[in-house]
Every structure is written in structure tokens, then in C-alpha cells.
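Look at the two complexes coming up: subunit A is in both, with subunit B in one and subunit C in the other.
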Partner chain A sequence: MSTPTYLIRRVLQAAAVILIVTIVVFALLHALPGGPARGILGPQATAQQIAAFDHEQGLDKPLPVQYLYYLGQLAHGDLGTSYTLNEPVSQLITERLPKTLLLTVLSAVVGLLLAVPLGMWQAVRRNKPVDYVITTLSFIAYSTPVYFLGLILVLVFSQALPWFPSQAPQGHTLGEVLAYPQGLVLPVAAGAASMVAVFSRYMRAATLENLSEDYVRTARAGGSRSRAILWRHVFRNSLTPVVAMLGYYVPVLFGGALVVEQLFNYPGMGLLFWTAAQSSDYPVLLGCVLIIAVATVTGTLLADIVQRIIDPRVKAGRS
Partner chain B sequence: MTAAESLAAPAAGPILQLDDLGVVFTTQSGEVPAVRGVSLLVEPGETLALVGESGSGKSTVALAATGLLADNARATGSAAVAGTEVIGAGEAALAGLRGRTVSMVFQEPATALDPLTRVGKQIAEVVRNHRDVSAKDAAAEAVDLLRRVGIPEPEKRASAYPFQLSGGQRQRVVIAMAIANEPALLIADEPTTALDVTVQAEILDLLRRLAAETGTGVLLVTHNMGVVADFADRVAVMYQGTVVETGPVEDVLLRPSHEYTRRLLAAVPRLSVADAGAPHAARPAASAAGSEPVVELDGVSVVFGRGRNAVRALDGVSLTVHQGETLGLVGESGSGKSTASRVALGLVPPTEGTVSLFGTGLARTRSRARRALRAGIGVVLQDPVASLDARMTVGECVAEPLRVHRRGLTARERQDRVATVLDRVRLPREVARRAPRELSGGQRQRVSLARALVLEPRLLVADEPTSALDVSVQEAVLEVISELQAELGFACLFVSHDLAVVQHFAQRVVVMRAGRVEEQGDTGSTLLRPETDYTRRLLAAVPVPDPVVQRGRRAERLATLAAGRTEATA
Partner chain C sequence: MSTVMQPDRAPGTATTPEPAASGTRLAVRRFLRNRLAVVGLGVVVFFVLFCFAGPLVYSTDQTHTLLHQVNLAPSGAHWLGTDAVGHDELGRLMYGGKVSMTVGLAAGVLATVIGTLWGAAAGYAGGWVDAVMMRIVDAGIAIPALFILLVVSAITTPGLGGLVLILGFVSWLVPSRLVRAETLTLKNRDYVLTLRAIGGTHSRAITRHILPNSVSTIVVAATFQIADAILLVAYVSYLGLGVQPPSTDWGGMLSAGLTAAYSGYWWLILPPGLAIILVVWAFNAIGDGLRDAFDVRGRG
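And now, the complex of A and B:
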């Protein structure tokens, strides 16, 4: 398949997936008992007041009608208005999304930069002490909940050793956030920990598998040294499956950001999502889910494109 | 020249000298000796063939000679390449030797190259490992090497990835890597086993030419006696980790002195050729060809995929198999022979044409009736390891068709049927309680046969049932199949790339090429006096295990090819 055809097809598929996600989330949100009116108007609100709110927000119409209305708005870039914050959802998201992206991208990059060499090191030193130690640490990091890990990081590196602040930068723009980089260290560390754990395992397995491939023996038979073979051949071959996994890891990263932002009081998407969920702020919740869906689909699409670049066989339709 | 004479001038001595070489593998069940007391010499410019069956240790010897043994192997004794000791040498010393003084060509061209690196770059890597040349010069040299190994358009091919090349071309690339620095010794471990016979003949011609041009000594590891007869000057026969016989190729293949060599050679199926002695008479068909066909393909075409990417795997194929007869389906890889067998099994629906099983059209039957038809077919596949479920016992594997098709049977009756069929394939009844992995390849293939026959089918489809087996085991498995066929009278569709086996085993043969039937007829006439050029070329490419006859055949084949070429250019 030629690259343009492939891209068009994948983008159309992605759009379909996002559409289906909005339908599912829309239906699920409205199936929840209670509804937003009670949360917003308070426990003292009368039935009339609630009915008036529902009418005003269009919540008394049949669900399909509400959904189509929402889609119509969406087509104009209008994500609705927050019930509680009285601000357009699109504005709330544009303010917060860059900060969350910064956090997740930094976590992913730091995580991968650590995970890939660690995994390869483990593979080369298979069943040696280094391998066992890193494996143990990986399992600990992976099985520790992010909020607990975050708390420990704060206790150790902020309270016991006053190296880093316990609160993330509070700036409104990316520039202001980046002006205070030491504040990002602990949030990024908390976000990257499970990434390092999971991806060093993938990389270890992929490297081990490739080290036993015939082409490694061919390269050795041609007089190449182990180190050269590792970096020239095994590295690239092991990276392909890991890159594929990366795309599927985007929602996990977002999920982690939800907790990390809460913990370090970082005003990003996670914090927005958290407060909206607590007050049944439907438009904000839908907007956040939409963004996460777009990010996930984009992540897998990017991973597939990167794979096409690394592995010529993918493009030719075999692998 | 002997080893003693060469002490003064090591360069003129044997290029490979093995002295009391031993290799032990450390496994979970303890130490397993793989090779014991092997002493061999390869002189410059000569080809020594190391032959033996699987597990004889021949590949282990080859790997030990280059220090490429797996981590759990320990080598003792001495292996010297051009006077340099390999055993116990460090990585630096070995890397200096490999690719320059000694090179290797491996069995599996599909996996021997890095899939993500362009082939020119992989060849250039070997060049630059040993010579201080610029990347540009190495790339140019890679193109020259590709030309030398007979790759068309080498400038273009150098930037191809391995998956863009055919199996034969990939093996040529591996050979180009091996000869990049004009090594004194080339070790070829089953270099043609994964290739079609015509490609095999080309690769052997190439290796022979390159070795002659550069005076390279060759250690050829193979199980194929035809290849030995075609290529080797001397032969060493290995059996259970030791060398049992060494000598010039004529002596070992024509006048073997060791009992094992005699047995091994007796088990090799020989291709009978029209001009070599009496024509071979295949077993006459058990029933007249006029009887009702068991399976019939009529004008079957199969197209995989759609639009521009569509592949026509079969194109108007018609064939029939009658009760009690064996039809051999032969052809090179990609000729469509396996697809044809799958169509007969009802696993691949024909795009055009009709298939009938036992007189009933497959296209018209629906689930239940179709299942009843399938109960009449037994299948044996190529890979004896992959075709049995590792989590089932042998008894469960064999009983599975009964569970599906004979639901009325009690557990007791099933056990009886399994025991009977195990007797038939000459396996002890006790194997029913064992796991497939505890059995040898030949035993596993007999378990597959037992499973195929447990429903007493009217048709047995065997897709390369013995090509993963050693010749002696192959002989035993084929014998069991033909005995049971005589007893039970089933028809057999026998798919194979091995013309010699088909000649011995099948009464009729269908030769396939590029999805079409090239020619068909009685094995006796078709494979002795073929009507088409393609079949003639196919037969001419099969090396026979007689060095004298093979020399004549090779000269004849090359003369025919050369004549064809001048005709084509004229």
C-alpha cells in the first residue's frame, strides 16, 4: 500500500473510532443516576428548579437528540460550557492540555531513555546479578500505585532531603511552567516509573529474542564484535515491537497523569477531569474523554507510522 | 601433503585441523556429550563433506571450528584454523579470524540476514570488519561481490532488504558475505537444504566455482548424499558424535566400509534415470484407474487477495486420485502443490472450478454433510513437532478425531481404537500415555499417521510427511504408509518436493509449476521420460548419490543450460 493511501485510510479509521468512543461515553454518562442538576443546584433544590435546569441544558430531550445536538456543536469546535466553571470547555482544555502533554511527553521520553538501555543491559547480562536486581526493581515499580509512589517520592526527596519542591509549577502558560523546571522533577519521576518498569521488560524480552536469531550468528561469523552487533543489528530489531507497544501506552500515561496532577497540584487535564467527575460536569467530562480518545488514536497511529519507517517489511505488507 | 610436512610453513598446511575434538552441552538434565574424539583435516582447495543424520554432531563440529558454539557448550581438544587455535580463544582473536580466514554459510537463508539492514550494507560490514576501507569503497565492493555471486542488477539489489529477495538470492548474499575477504576456509552448514532443487544446483555450482577460483578449502556439512556426490572430494561420516569413516568420495559412497555408512546409503531414495541401468518399476496401482475417483479437482483456480495484489495460486488445475492409489504431487516452492492439497481437503474454497470428494461436490454441501465428508480424510503434515498439541498426551492426540466424528463411542471403545491404530503404525501401545515431546521425530510422525488413520479414512493427504525426517526414518515411515494402504485401501495424495521419494512411493505423478499442472502421468514414464522441458530440468537438477554418475549428469545439465542460453541469444 502506498503511504498516502495508507495514511488516509488510517485517519478515517481513527475518526470512526473517536466517533464510537463519544457515543459510548455519552450513553454511559447519561445512564448514571442522579444527573448534574442535583450536584450543581445543591441538595435544597426543588423538583421545579431541577426540571428548569434540565430544560435549560436540554437534558429533558431524548438521548439521541441530545447526542446529535452535541455532535452539531462539536462540528463547529464548540465543546459546550462547563456547568460549574461557567467557561467554554474548549477554553478550559486549551489552557490545560499543553501542561498535561508536557508532563506525559516528558515522562514518556525519560521513561524510554531509561527503559531501553536498561532492558538491553539486562538481556546482555541475562541471569546475572544485574538482571535480577533490575527485574526486582521493575516489579516493585510496576506494582506500586502511582499515588503511593508519588507520596514516597515527596517524603524522601522533598521532606527528608530538601532537593525538590513537593508542588508542581503553578504557571498558567508553558513558559511559566518551564521557568521552574525543578518543580517538574518529582511529577515526571512518578509518571515515568511504571513506564521504565514495563518497557525495560519489553526491551529485555525483545533483545533476548533477537540475540538468539540466526542473523546474529551470521554477523558473528563475519567477524563482527558482540557490541557492534548489539547496536548495529539487535537494537533496531528489538525496538520495533517496543515502538508498537508505545502507542497502546498513551491512555495509561494519561491515566497516570490524572493521579500525578492531583498529587502534585498541577493544573492540567487530570485535575480538570477529576473535579468534573466529582460534580457530574458532563460537557467537561465528554471533552476530556474526547481528548484522551484523540490522543490514544494519534498515539497508535504515530507508533504505526514510526514502525513503517523502522521496518521496511511493514510497508510492504509482510512481517 | 600431511600435517607433519607442513610444520615448517604453516600457510601451506591443512587449513582446518581438528584433533580429538569433543563438545559437551550442559542441559537441565545434565551433561550431554554431542561430539567425541573427532579428528579431521581440510587441505587448502579441497572439499571435505561431513555427513550424518540429525543429532550426529556434524553441525556442532562446524560451529566448534569457528568458535560459534552456544553458551551452554564446552569444547575440548583442538580445532586449528590456518594454524590458529580456536578452542579457548577470546572474542578479539575469534573476530579477527571469522570472515577473513574462515567464513560460514548457513542453512536457513530466510533468517540468516538482518531483516532491517540493506543487504549491501551487511556485506560491506564484513569487508570493513577486516580491512581499513572507506564506507564508500566497501559499498562498491559489496556491489562487486553481489555480481560475483550472480545476483542480477547488483547496484540496485545492494539497497534491497532481505525480504525483497528470493530464498536463493538470499543464500547468494550470505555467500557473498562469506567470500568478501577471500577466506582460506569456507564452512557451509547444509547450504542448500532449504532451497528448491534447481536453486540448489545453481548454489552448488556457484560454491564450486568460487572455491576453485580462490583455492578455498570447503567443509560441507550435509545430510544429502546427492550433494556430497556432486561436490565433495573427501567424505567423513559421523554417527552419534564420532567419525566412523573417512575417505575419498568414490570410496565412501560406492564402497562404504563401515556398517553404518552402508545402512545410511541403503536408505537414501535414489532417483532412477533413464540412462542409468534398468528403469525403475513403481508398484502397480492397486485398483484400476477406471474406478470411482476418491477426490477430483476439475479446472480449479484459486485467487488469494483482490485487485492489484491478487495472487493466482492455482490456475485451472485438474487432477484425480483413485481408490488404493498414491498420487504424487511435485513441484518447486510456490508451484501451488500445497494449495492444491488444501483445496482437496476443503480448507481452501476454489475461486473457479469444482472439487468433489467421494463423488459429492464440496461446494453444494453444508456444515453437517461437509463434516461427514471430512471424516473420510486423514491428514499428515510436514512438521512432526508443530503438528501435535504439546499439551495433550499421544493418546489424546490420536483420539481427538474420534471425539469429533464418533461421538457415540465410550471412553473404553475409544481407547481400544487408539490401541489398534498404534499397533498398525508399529508404535508400542504405551506411548499413548506419553507427551509428544518425549518421542523422536519419526515416532511423532507415526503418531500423526495414527491420528490420520484412526477414522479409517478413504483418503490420506500427506503434505511433505517425511521431509523433516532423516533418510532411515523416512524409509520406515513410508514403509508403514504403503503397508497400511495395501491393507486398508485408502487413496493417498502425496505432496513432496523430493522427486526420488515420489518415484518410489507414488504410482502416478502430477508435476506443478506456477499454479498450473505442467504434466502428469504414470510415475514410471513421466519421471523417466518427461515430456516437458521443465520436468526434464527439474529431474536434471536432482543430484544422485553416486559421484561418477553425478559428474556425468552435472556436465550434461550444464551443457543443456549453455545450449539453451546460446539458443536464446541467437
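And now, the complex of A and C:
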């Protein structure tokens, strides 16, 4: 498949996935107990009030018509209005999404910077004690609920040793959050831990696979030093599949952010979502789900494209 | 809880299963040679005995509020102390573990069953049916399970059975991809083509050939799925969707202990936390060992 055909196909696939997500979200909106009217008007509303509301909002029209109307709203960036905060959902998300992205990107970067060298080190020292130790630690990190890890971090590095604050930076803008970087240390550490666990495993596997390739043997036979081969060839070739996995990791990063933000009271989208769940603020909940799904699909798409560009061997379509 | 430790692989990587008897014996031998996997198996056996047989030996009152013995530190009478309503923490660990492991096991198995059927159907059908079915899987993966679970928690509070159903329905996506990849390679094997040629039905091809030949992939996927489900149960309790009092699970104990964290009641936090880590680790180690023993591709 040529690259342009591939790109078009991939983008169409992504569009189809997002369309399915909108159907799911739309279905959820209508599966709510009592429907949207009951949600907005509250449990005291009379049948007449609900009927009037439904008529006013077009909720008495057939579902397919409503769905098209909903899609039209989405196309205009209208995600509805929060029941409790009385602000447009799109505005709430625009305000908080950058802060969540900051948290997830920092966690991902810190995680990768640790995971990649660790994985390579393990591969080079395969079946030596250091390999076993890192493997065991990464399985433990993977098996630890993020909130438990966060709690331990707070107890150790904030209570026992007063090094870092236990509360994340507060503030409306990115600048206000960044002005207090020490508050980001523990949330980022909690978010990065499982990342290190997962990606050191990938890096180890990818490096091992590359070390057994012919080109390594050839380079070695040609007299290149192991270290030069490792960094010049194996490193780059092993990084490719790891980059691809990064795209698939986006939903996990968001899931982690949800817990981390709640735990450290970090004013991002995860906390917004958490608070909305406590107050059954459905427009906010479903708006966030939609945005996160779009972010995930975009992440996967970008990872696939980047992988195809940096690794000419990846020509076969992904299953 | 992540799906990411189990990357799906391109078709063509599956191996031919060896003849049943010798293959199984070989796999068992290879599994037993994997020290971490054997330790993992030991940990699971220990916790099953601890949670299900333990209460017979160490009987405690886990239903009544016992206000005269609240938040006691570990002692001879209460080996792991007591919690905020006076329940013996060691007894509670057994009681909660029963729920965590049962729900995790049931949800993991349910997810694998749904995923297997979906993946086999998609891979076998091929064409646009496959395309649509797999885009639905992509859409499911795009929404992190925790977010769906929180939306559900805003709508309803399920019982234990409902919890298993919900957890199963948010985590079947990865096994479906693995089984689909396996099916794609199997459906063009000679024995399947022959069966079709002599008039065998599609369902016969799937149930008699494709699924039995995918068993090792499915078993490995199920093991990882159980590990993830036990972890997910712990998250779900933290999110407030989990098991309702006076019943509890390890995640519920942990989140109840969180409120006491700053009072220094470590015995309310460390035991359930470590129990979760150990059991999830153990299932992952077993999955790892099984994957190597069966020589199938699973997580990296």
C-alpha cells in the first residue's frame, strides 16, 4: 500500500471510530434515568414540565433526527451546559484540558526517559541479576494501584520527609500551575511509575529482538564497538515499536490522570470529571468522554503515521 | 487495568500447536522451569487458602460495629489491629480478599469469553463485517475504562453480579484483538478449508477448529485479564462504585484506610495495598510463564 493511500485509509478509520464514539455517548445520554429532562429539571419536575422541556429541546423527535441534531451541535463545538457549574461544557474543558495535557505529557516524558535506558540496560544484561531486579520492580509498579502509590509517595516524601507539597499547584491557567513546579513532582512521579514499568518491558523486548538481527552481527564483524552499535543502530530501531505503543498508551495516561488529579487535587480535566460524577453532571461527563476519545484516536493515528515515516519496514497495514 | 501491556500482534505470528499430549507436558515442564511463574502460582494458592480457608481457623466478627475496639494497633488479640468500626483487620483481609478475587476472576473470565467470541467472529467473517466490528473495538479502547466506570457510578450502584458484568463489558477489547489475529491465520489452514469444502458449517469451523487451536492464546489472555480485573476492582472501590458496606473488598479497605492515613494507622493501608499488589503481580507472573510455556505472543 502506498503511503498516501495508507494515510487516507487510516484517517477514514479514525473518523469512523470517532463516529462510533459519538453514537455511544449519544446513547448514554438517552439511557440516563429519566432522560436528559429529568437530569436537568430534577426529580420534582412534573410530567407536563418534562413534556414541555422535551418539546422545547426537540427531545420528542425521533432518535435519528435527534442524533443528527446532536452531531450538528458537536460540529459547532457545543457540548451542552453543565448542570451544576452553569457554564458551557466546552469552556470548562478548554480551561482544564491544557493542565491535564501538561500532567500527562510530563509523566510520559519522565516515564520514557527512565524506561528507555532501563530497558536497554536489561537487554544488554539479559538474565543477569540487574535484569531480574528491574523486571520484578516493573511488575510490582504495574500491579500497584495509582492511588496507593500516590498515597505512599505523599506519606514518605511529604509527611516523613518534608521535601514536596502533597497538594498539586492550583490555578486557572497553565502559567499559574507552572509557577509552582515543586507541587508537580509527586503527581508526575505517580503518573510516570506505570509508564516506566510498561515501557521498560517494551524497550527490553525490542532491544533484544534487534540485538539478534543480522545487521548487528555484520557491524560487529566489521569491527564496530558494541557501544557504538547499540547507540547508533539498535537504539533507533528499537525505539520505533516503542513510539508506536505510545499512541496506544494515551487512554491509560488519561485514566491515570483521573486518579492522580483526584488524589492531589490537581485542577485538570480528571478532577472536573470526578466532581461531575459525584454530582451526576452528565453533560460534563459525556463531554469529557468524547474529548478523551478524540484525543486517544488522534494519538493512535499520529503514532501509526510517525512509525511509518521513521521506519520504512512498517509497510504492512496494522491489523 | 491497562490494556496496554497486551499489544495486539499482526497476524502470522501465531505458532502451530503441537500434538496435545506431548505439547501440554512440554508446556507444563517449561512453565515449572520459570521460577517467577512458580512463585506467582504459590502466591495465588496461598491467597486462595488464606481468604477461603482462613476464616475457618481465624474467625472474626465482620458484621457488627464494635465501638469499644476502634482503630487498635496490631497486638496479640488482633494481629493486624482493627479498623474504624472495630473489625479485625486480618479477618477483614480474608473477607475482602474473597470478594476481590471472586469478582476479579469472574470479570476476567467473562471479558475473555466476550472477547474470544467477538474476535473469532470478526476474524472469521472478514471483509466489512470485520472492519465494522474492529472499529467498534477501537472506539471502546479510545474511552478509558475508568471513565466509563465513573459514568456508570453516577447512574447506578450495582450489586456484585452487576459489578462483574460491568467490569467484563469494559475489558473484553484486548482479548478480542488477540483472538481475531489468531483466527485470521487459522481460518486459511487446510483443515478448515477442507471442512468448508465438504459442507461443514461456519459455526462448526469456529467451534471445532479455530477456538480449540487458539486455546493457548485464550488461556494466556485470560490470565492477564484476571490480573487486570483484580486491579480494576480495586480502582472501582476507590471510585465509589464498588462493593457496598458492610461487605468489602481490598480496594474498599484501602480507600477506607486512606482517610486514616494521616493518623498513622499504617495497618489499615499496607495490608490491603500489599495484598492487591501481590495477587495482581502473581497473576501477571503466571501469565508470563504460560505465554512462554505455550510459546504464544501476548504482552511484551
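The criterion applied here is as follows: the second predicted complex is superposed on the first by the 266 of 319 C-alpha atoms of A that agree within 3 Å, B and C clash if a C-alpha of one lies under 4 Å from a C-alpha of the other, contacts with A are read in each partner's own complex, and residues count from 1 in each chain.
Just so it is clear, contacts are C-beta pairs under 8 Å (C-beta built on N, C-alpha and C of every residue); 3 or more make two chains touch, one makes a residue touch a chain.
Since the model is a prediction, treat every value here as computed from it, not as a measurement.
Participant: If you stack the two complexes on chain A, which partner ends up touching A:Y248: first (subunit B), second (subunit C), both, or neither?
Facilitator: second
Participant: Given the touch rule stated above, what does A:R201 touch, subunit B (first), subunit C (second), both, or neither?
Facilitator: Second partner only, subunit C.
Participant: Have a look at where A:Y282 lands relative to subunit B and subunit C in the superposition and call it first, second, both or neither.
Facilitator: Touch partner of A:Y282: subunit C, not subunit B.
Participant: Classify the contacts of A:Y69 with the two partner chains as first (subunit B alone), second (subunit C alone), both, or neither.
Facilitator: In the superposed model, A:Y69 contacts neither subunit B nor subunit C.
Participant: Return first, second, both or neither, reflecting whether A:W231 touches subunit B, subunit C, both chains, or no partner chain.
Facilitator: A:W231 sits against neither subunit B nor subunit C.
Participant: I'd like to know which partner A:I310 touches here: subunit B for first, subunit C for second, both or neither.
Facilitator: Only subunit B is touched by A:I310; subunit C is not.
Participant: Going by the contact rule stated at the top, is it subunit B or subunit C that touches a larger number of residues on subunit A?
Facilitator: After superposition, C is the partner touching more of subunit A.
Participant: Does the superposition put A:W163 against subunit B (first), subunit C (second), both, or neither?
Facilitator: Touch partners of A:W163: none, neither subunit B nor subunit C.
Participant: Overlap of the subunit B and subunit C footprints on subunit A, residue-wise?
Facilitator: Correct list for subunit A: 316, 318.
Participant: Mind pulling up the subunit C residues that touch subunit A in the complex?
Facilitator: Those residues of subunit C that touch subunit A are 1-5, 7-11, 36, 135-136, 138-139, 141-148, 150-151, 153-156, 177, 180-181, 184, 227, 231, 234-235, 238-239, 251, 254-255, 258, 261-262, 269, 273, 276-278, 280-281, 284-285, 299-300.
Participant: Could you please specify the touching residues of subunit A with respect to subunit B in the complex?
Facilitator: 213-215, 217-226, 232-233, 236-237, 240, 310-313, 316-318
Participant: Mind listing the subunit B positions that touch subunit A in their complex?
Facilitator: Its residues touching subunit A are 66, 68, 91-92, 95-100, 103-104, 106, 108, 111-117, 122, 125-126, 129-130, 161, 163-164, 174, 177-178, 180, 309.
Participant: Going by the contact rule set out above, which residues of subunit A touch subunit C in the complex?
Facilitator: 13, 16-18, 20-21, 24, 28, 31-33, 135-136, 139-140, 142-145, 147-148, 151-152, 154-155, 159, 194, 198, 201-202, 204-205, 245, 248-249, 251-252, 254-255, 258-259, 273-274, 276-278, 280, 282, 285-286, 288-289, 292-294, 296-297, 300, 316, 318-319
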